[in-house]
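As written, the chain order gives the labels A, B, C and D, with residue 1 at the start of each chain.
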Amino acid sequence: MILARELQERYIRVRSRTEAICRGLEVEDYVVQPVVDVSPPKWHIGHSTWFFETFLLEPFLPGYRPFHPDFGFLFNSYYETIGKRVLRAERGNMTRPTVKEVYRYRAAVDEAMGRLLETMELSSELIATLELGLQHEQQHQELLVTDIKYILGHNPLFPAVQIQREHDLAETAESGWLETAEGVYEIGHSGEGFCFDNELGRHKMYLASFRIGKALISNAEYLEFIRAGGYEHFAFWLAEGWDWVRSAQVKAPLYWHFIEGEWFNYTFEGLQVLDPNAPVCHISFFEADAFARWKGCRLPTEAEWEVAAPFLTWGHRWEWTNSAYLPYPGFQAAPGAVGEYNGKFMSNQMVLRGASETTPMGHSRITYRNFFQPEKRWQFTGLRLAQNAF
Amino acid sequence: MILARELQERYIRVRSRTEAICRGLEVEDYVVQPVVDVSPPKWHIGHSTWFFETFLLEPFLPGYRPFHPDFGFLFNSYYETIGKRVLRAERGNMTRPTVKEVYRYRAAVDEAMGRLLETMELSSELIATLELGLQHEQQHQELLVTDIKYILGHNPLFPAVQIQREHDLAETAESGWLETAEGVYEIGHSGEGFCFDNELGRHKMYLASFRIGKALISNAEYLEFIRAGGYEHFAFWLAEGWDWVRSAQVKAPLYWHFIEGEWFNYTFEGLQVLDPNAPVCHISFFEADAFARWKGCRLPTEAEWEVAAPFLTWGHRWEWTNSAYLPYPGFQAAPGAVGEYNGKFMSNQMVLRGASETTPMGHSRITYRNFFQPEKRWQFTGLRLAQNAF
Amino acid sequence: MILARELQERYIRVRSRTEAICRGLEVEDYVVQPVVDVSPPKWHIGHSTWFFETFLLEPFLPGYRPFHPDFGFLFNSYYETIGKRVLRAERGNMTRPTVKEVYRYRAAVDEAMGRLLETMELSSELIATLELGLQHEQQHQELLVTDIKYILGHNPLFPAVQIQREHDLAETAESGWLETAEGVYEIGHSGEGFCFDNELGRHKMYLASFRIGKALISNAEYLEFIRAGGYEHFAFWLAEGWDWVRSAQVKAPLYWHFIEGEWFNYTFEGLQVLDPNAPVCHISFFEADAFARWKGCRLPTEAEWEVAAPFLTWGHRWEWTNSAYLPYPGFQAAPGAVGEYNGKFMSNQMVLRGASETTPMGHSRITYRNFFQPEKRWQFTGLRLAQNAF
Amino acid sequence: MILARELQERYIRVRSRTEAICRGLEVEDYVVQPVVDVSPPKWHIGHSTWFFETFLLEPFLPGYRPFHPDFGFLFNSYYETIGKRVLRAERGNMTRPTVKEVYRYRAAVDEAMGRLLETMELSSELIATLELGLQHEQQHQELLVTDIKYILGHNPLFPAVQIQREHDLAETAESGWLETAEGVYEIGHSGEGFCFDNELGRHKMYLASFRIGKALISNAEYLEFIRAGGYEHFAFWLAEGWDWVRSAQVKAPLYWHFIEGEWFNYTFEGLQVLDPNAPVCHISFFEADAFARWKGCRLPTEAEWEVAAPFLTWGHRWEWTNSAYLPYPGFQAAPGAVGEYNGKFMSNQMVLRGASETTPMGHSRITYRNFFQPEKRWQFTGLRLAQNAF
């Protein structure tokens, strides 16, 4: 019974944070999808709700009837097991259901979830699925902030908006290298707490000795790379990265604007003079990798990062690693539809480690594996250098 | 003075109809651009306002200062003379200014226009530009209805919406052919009333004798074409049309859906059983042309249409002709930015004649030349047959 | 019998000219297709042969068996009636049959044609189809020269090659305008000689009085347009043309190169200093139209051209007109597969009149209607100005 | 001196094998590039020659003058350091230089190389570069066979051609699993022989215990996967792989054709009935991965493969591993232009291990790392299964 109350409170706490993030939005901001990667905020609101309706209310709450027969179709993201879905690229054309209706859907599901969590003997399967739903909601909270930033940051008016965040973006005082000796280390999640299937299978890895930077690279350091012609010389870039730089005419991180001789940066406060001390943000793997090469260094592997993390300050940027997103030894996708969650994306993506200023409290851990294609940069991504020490 | 009052009243009447059209929309419906051709309703509201601000208030109202420095950039459509503009394909990503702000812009311009029309000696140049602005607004009213239909008609919920229209869609009682004798006829606009530059240059044309259908082709007749395999046999189609049918997998007019053995049609009342007696609508030039060929007939030329029109019932569908959109002998583009209005589109488009159920009262005339690319069909387009009579 | 011998001689004369054109080619030059429009010379050799095999030998020569069962598939161009065909874009990947084998195919068909023309009572249907085949061959001769020029002219080595042509490219001595009075004129083909179906239906047209240039526009005149910023100012261009100029980064006619301060032109003699007196060549309709607008003139319509042609020197360039390619009143596509020849291309193309320096002797007449999309310019296209005279 | 003679002989032996491979080709086969990945054989002939001219003759042979000033431009592949190059996609449009001229170029470079290797004191730098050139030539020999197969295998005539190969394609007799115990192993190249920079940095890796298949998967086994609906069920596929299957409509390995109820396979002998016992070939990483998942297994990692290889029969197929192509710890790109050889491709590619029936004798070793994008399958690729043994 106490458990049920705790779960209920946690449910409410997590869910209400999603709404808090959106408090500063106009109705219009909820609707659009300027590029395929960026989902309309309305869709995030509906999709995270659909997850609870589909994976908890329908199987576990006797007599529950879906709020609307078409919402499964509208708010399914990629679960092929569950049936047809609106093409991802079409999400931004769906003016109906309206924002108000989606919030009504959300409220109805929350109300039914309240009943589910109150009156039931909670099976361990239910509890596990609930936890997955809440973690899923938190992932979408991060994407929500990211997508809102993209939508507003590409508007010629550069509107400011109050977005609830949980972290202060402290500047890092530390500098220099952390040295780590060679040896066999253990990587991956073990123990009681929640983790995703892709973190499981704690396993040994031999690491050669290496150094890893104590601080994230700052805007000022990145600006040196730009001024040194970093974007103009092929030798710093992977071949694919160089193609990307030229075809997309990339000259600086996303949201940077060079206006009358000065660098500006779009933030939720609007267009601001670039802060030289803040960690660089919104760079692609290709840019992170090129910067590291220019510095005569390299990016850390995800194993190196995980071994070093307990001794580092981290959590302000998702940090690019030089590890491709691949299964751990012994990886098993979870059974059923939720097994489509992680494993099927294990090609052509690079691993990010850490967390960012927009990651919900309690949603990060040192074994967490985030992943994106190497040219993506609308996430709050940054970098930290590494070096061989042998 | 009386003139000024009349102009003022006409200005208010035309402008308020735009707002009336939108009365049934939700805020979300104003924002999106599902395909490049379909502009967000919000953009139409702002763009038609921008026209009056740019071409009337700025040059003619002393001391007028633009409502917002960026709105020229945001709401300019294609006038290269006037400066930079938001790429047409990006209109649907602009969540700001909000719908409320755009209506505020509209109200401010209307208020200033009120002052302009009240206090000034109205030059003939001003009056002509005002008239052009009102005609321009009426054109956008038609596009507005068309674009709203596209946005809602591609929503999986097929929402009904109350859209103000001025015409009843009467069924045509007439049938059979109108015969027209060979001879030299005069084509094009002359006289006092308003017309666009592309209608001017009334000129002689020799026409051979021809027959033209008294009635528009109905849904029932078009359904016969479908049932006869019209979309499956190349011989009825222009080569480009056949490529279009296959690559876009076209099987019926836009908004038609074949559901469990029955044909449905999306209308502003939602998804409805197809009305066999209504004139067929939302077909491309390629479809109109293929239908005509299947019937052993052809489409009329625009000259034939204009000569026959006084003896026909027309005005429910824009009617495809077999005339390419080209300049009349003696065509002169209007000077200045408004000269970009029509002439520069004179390639790869076909002429439509008539008007549609959504054309504003007083905005149609028999010399009016509408034009679209031959594969476009989101307009309220239909067809009438013609035949040689020699 | 005399007739048969004449036909035979004419057959040999026309067919051998195709081979003469190719005499200077290397085997490699026969194979490639650098862009979809440009067919490999080997394909032209085979396709024109296939026409005689399919439309003459198979129906008319008893016991004839196709040279190779797959050649129908390989060398059919666009005749949907006749069955499957290699996708046009794939022609340049077919290294087999080899050039030698294609010539063997050609020789075998020519031998069988010799037998057909010798021993048969020649029906009027056969004679008409033969004539069509020869005209078809001559059309491909022109395309062959054009495509060879494209293949070699886009090679970084700019190879010279001896291409058999029938015309000297005389410089035009005439200048000034030809005046034509208003009136009803007759347009289109009549009489005994060969013509394509799209020329038939001689019909009356009313023309207002106009002037037409006696000379084609020269390279020197076109250079003035370039130097006056013609490619940099939108006002001279149709909207589609301006999009084309910017997206394809067009700055001069095809084959022009600006090298160290001087204009060069690729010709079959290799890269040559631009000849200022030669008529401008390899321009698109958009460029012709923009040049005319810059001059304060316009392009002639095809009717104007046809009426004026008897009083003009023409035949060195295909001349762009401002007429869209549309059916004449009373147009009837020929029955059967050959009816796919012309009519189905009647959308989004502009009419060219005249002939070019590469047009075979006897293959041009004043009623001939050539047609291309408005951005195409690999043909030997040029322009002549017109003006209203009212 | 003996060294020089040995080098000379080795040079001649390697170079002449390239020519031997092409002996069965027609001139036409040398010219085309049906897809971007497939280079024209002529280009391989010229490019491998250009390597020796650029990196050996120009720096090391006093007084050497390039054979042709434009060949550097024409035959440079991707070395940005060396200057401009023909866009990769345009290689197939270059009909000149002719095949004969390219062979003349080849002969001239070989003759100069003969002089270089005869008369000089051979520095270790020269010897190392020569070795790299020969290895490079051997890599292109494999690509040459692969590209020839693509060119002929996509021709509707399915021509047979005699291609010199060095290996018999023996069927594997072995079956079952090889068991490998957990432990720290060493991976990567060490010692005297040639290797590429990406194999260097022999390093320790901890491997958990695993099993690896003794035999490659055969056509018969792969056919079971097809018959079980392998290409129709998303659950076997990575998300990107599933998108690829649907958009490219993949239904079987490359070169497989299902004709009247039977499976055929294009080989250099022409279209042949599928050999059930031969190892499956021409599959993408996505297909290999899906097959393994369907079998309840996985692909080996490249480290597992390298550890197991001494106990396996390998060398008939390049084998897909589940390792992304990434730098080894301590990877250093070679200095200068040759440093562009491998390192810059370390993103979005998967590692292949082993060799194929077309790999030149002496060009394979267990540390060799080949790599391709996961959807590529025109190489002679196959698969071997692996399993965890813990």
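Note that in this section a residue touches a chain if its C-beta (ideal position, glycine included) is under 8 Å from a C-beta of that chain, and two chains touch if they have at least 3 such contacts.
Everything numeric here is computed off the predicted structure, so don't read it as measured data.
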item: Neighbouring chains common to chain B and chain C, by label; value: none
item: Averaged-CA centre spacing for the pair chain D and chain A, given as whole angstrom; value: 37
item: Mean-CA-position distance for chain B and chain A (Å); value: 45
item: Distance between the centres, which are taken as Cα means, of chain C and chain A, whole angstrom; value: 58
item: Numbers and ranges of chain B residues touching at least 2 other chains; value: none
item: Those chain pairs that satisfy the touch definition; value: A-B, A-D, B-C, C-D
item: Residue ranges of chain B touching chain C (in the complex, touch as defined); value: 78, 80-81, 184, 203-206, 208, 234-235, 237-242, 285-286, 298, 322-324, 326-327, 329-330, 344-348, 350, 374, 388, 390
item: In the complex, chain B residues that touch chain A; value: 26-32, 34, 42, 70, 73-74, 86, 90, 92-99, 151-152, 154-157, 159
